[in-house]
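Shared chain: chain A. Partners: chain B in the first complex, chain C in the second.
Right, the complex of A and B next:
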């Protein structure tokens, strides 16, 4: 039994890293990918819009996940837990179409082909994942921790700062890393809403059509290099927090 | 000082407690924790007043009441020392004394997960004491502490607890209640009985009598039952005993310090182990030195 599990585990690890290996082997030169101004612009767009989208995710997702996990009765938690699956299941392409319909050229708020539109599309693709991950983590912080502090004369505000926030921060960091992965990989929404300014996934698509696979892979490798530090840092900084 | 009038699905009844040490005695599941949570304000159901003032509108952190649950939730990512300092209101010198009484110096810079169950309970106790509480509720808060430490802690509490403050501790061990409390209040199946002075407790129910160590009851009249306790039974007829009954007791020595007793009385047989004692004249009689007579018998006799 143990041997089977080890075997499957090893095989899956190899399979998971196979795309990266192919990417590195076939990407050609990293500098070549960055020689074009469009590609450099796409990298810059991805990083700036991504950081903005992540900030919005945190700004909106932290209060929402807190509300869901600490302020709702278990019955309502289950209800909203089920409901939150719907935005997560919504195909990004469909999200993009809906956004384009709502904020297209005919609407008062014009988002299509703007930087803001790109950020909004990225937020829509990533926010449900942020909330789901953060909420799942917050739910595991036992209520008795708060109650014990209250029964020692500490107000909810003091309790939050000393007891809950350090624990919750780990959850928010993990959720942030997950949201970041969704943001930088966002393709379905942006290709409809924000073909320009092109973020990396869309630019990769453009390069693939114009110059073929090797050039696209080179840019894809840059995508990996550019987006990796944030989740690695979050994981390193908060991932080891002991409970 | 503290009055409770509670009515919740888990516990009902009323009681008033004067300052001092109070034992809340009851079997597991009797509602001890429910009562403590109501008093601390963590659950609602009934009225709690302190010095005549209702606490109904006061949040747990606004009440003059501190509560240590049986399984304390120490903050997992802070050292014991940090947590104690966080809640500290007690004078530094007094706190230092408690820290050494509870033998907590070596644990001061450790995290809760590095502590055993008993050490965690000791840490939770010092955390509550450091708040300098007016009313302290201990919910079997020393149940996992090893015996030498437990006795030392109780001794210290008994000696150092201020006369004008109230400490209520729950236990299912009658000896603990008898030894450390000034007042004992009994809780059975969610019903809170009126507090009694520890020196002079009479059993209020058959279950309470058993908890107190009574062996069982024999009927004297249809409404009068005599409860038998090993400590108040004498083998043979002792002239100074207020109550002498027909019955036969036999004693088998187990060790120089203990003996096995068997008592046949009114068709019943009771067995217990106790220190060896002198037997009186007439081996077909038993003497009751401290008769406890109640209007109820052993309802649930097997």
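Right, the complex of A and C next:
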């Protein structure tokens, strides 16, 4: 049995890393990929807009996931759990088409082809994933721990700060890493509402059309290199804390 | 009437009706026309040409669309599989030469138009130009208005984006507009305030984010958009105007591009299969042309690019 499980595990790991191996093998020159000002700008845009979008995800997602897990009755939790699947299932391109309305005439400021529009598209693509992951983790933390803190005279704010936050930090980190992956890979929304300023996924698509596959894959490798440190750090920092 | 006469009559009518329908083929041909095409041809290929081709020949049809240059790059790098390629303009097909093809035939074009949103604040003026109540010349002044939201596609990746840029250059000459008209209307070729993806631009127009946008006539008709038609000197659809179109140019990351008619060009990719030959034969034939015209395309006698001897025999017949 052990051998079978080990075999399946190894096979899955190989399959998971196969695309990365292909990417490394076929990518053009890394230095050439960053020699153009447009590509460097796309990298900068991805990182800056991504960090902003992740901050928005956390600012909105942490309170919402806490509210869902702590303030709602089990019945309402099931109801909202079902409802929240809908934005998560919306295909990114469909989201982009819908955002064309929200970012256009319905918005107080025109968001199409703006940095803010890009951030909004990234938030829409990633926030449901953040909330789902964070909420799922919060639900695994027993409520009795908070009730004990209240019994000891701690305020709700102190309970959150000293009890819930240390226990939930790992969950928020995992949710943040998931959201980050969605943010930096966001394509469906940005291709419709934020072609400019081009983030890396859109720029890779442009380079594919202009210069062909090796050049596009070279830039794609930069996307991997540039966006990897944050989830790696989150995993390192909070993965250890969990142990 | 005697029963025997009834039976004979019924059999006769049945035989007559059977003869009216499509002739059943004992062994339907095997194979698939796997067609990679420019995104703007999606509707006409998948909804019109493909089903009619399959019905007429028995071959299966499978289509996949995308930007002409992007599809050509993917075919050249073998990341997608197709045995027919249909692009806007000959330039994307040249990416496949000489390994995957050595010829192409241009046979149709879709005139460039300016699609607009009648509900925009410039809607009344755009509608007046559309109906000829105001001269077309006024459009190029209107597009310079502060706050006018014009959308076009990327000249670096899309033949339509190149043609739209050059159309304004030619309009400046044609209407004797001030020499800075192109600069004022369009700005830089890759102006981030105007350049959108091919996938998003008409959606943004329909949602109200844009006042006007570049489009092909076929796209405007398929999406039921209001549009301003352009004369053939500006619509990049007439190959006989190539000398005039060539006077305009646009700078792209891969070099300076000079104008030429935005024709629909078709070729085989890699080993020529019977299904691929049959598809091109159908498209170039009278039925295919009629269907293209119905979908808003202009067709003209097939024009060959590249090596004549490389053209499959069945298709060569259509050239003469």
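In this text, the second predicted complex is superposed on the first by the 237 of 243 C-alpha atoms of A that agree within 3 Å, B and C clash if a C-alpha of one lies under 4 Å from a C-alpha of the other, contacts with A are read in each partner's own complex, and residues count from 1 in each chain.
Here is the rule we use: contacts are C-beta pairs under 8 Å (C-beta built on N, C-alpha and C of every residue); 3 or more make two chains touch, one makes a residue touch a chain.
The shown structure was predicted, so the numbers you read here are calculated from the model rather than taken from an experiment.
With both complexes superposed, C is the one of chain B and chain C in contact with more chain A residues.
In the superposition on chain A, A:155 contacts chain B only, with no contact to chain C. In the superposition on chain A, A:104 contacts chain C only, with no contact to chain B. In the superposition on chain A, A:166 contacts chain B only, with no contact to chain C. Within the superposed three-chain model, A:213 lies in touch with chain C and out of touch with chain B [touch as defined at top].
Of the two partner chains, chain C is the only one that A:192 touches; chain B does not reach it.
Residue overlap on chain A between the chain B contacts of one complex and the chain C contacts of the other is empty. Within the complex formed with chain A, the chain C residues making contact are 67, 69-70, 73-74, 76-77, 79, 95, 149, 154, 156-158, 192-193, 195-197, 199-200, 203-204, 206-210, 252-254.
Only residues 38, 93, 96-97, 100-101, 103-105, 110, 112-113, 191-193, 195-197, 202, 205-206, 208-214 of chain A touch chain C when the two sit together in their complex.
By the touch criterion stated above, chain A contacts chain B in their complex at residues 142, 144-145, 147-156, 162-163, 166-167, 241-243.
Contact residues on chain B toward chain A in their complex (touch as defined above): 40-42, 59-61, 65-69, 71-78, 86-87, 89, 111, 113, 124, 127-128, 131.
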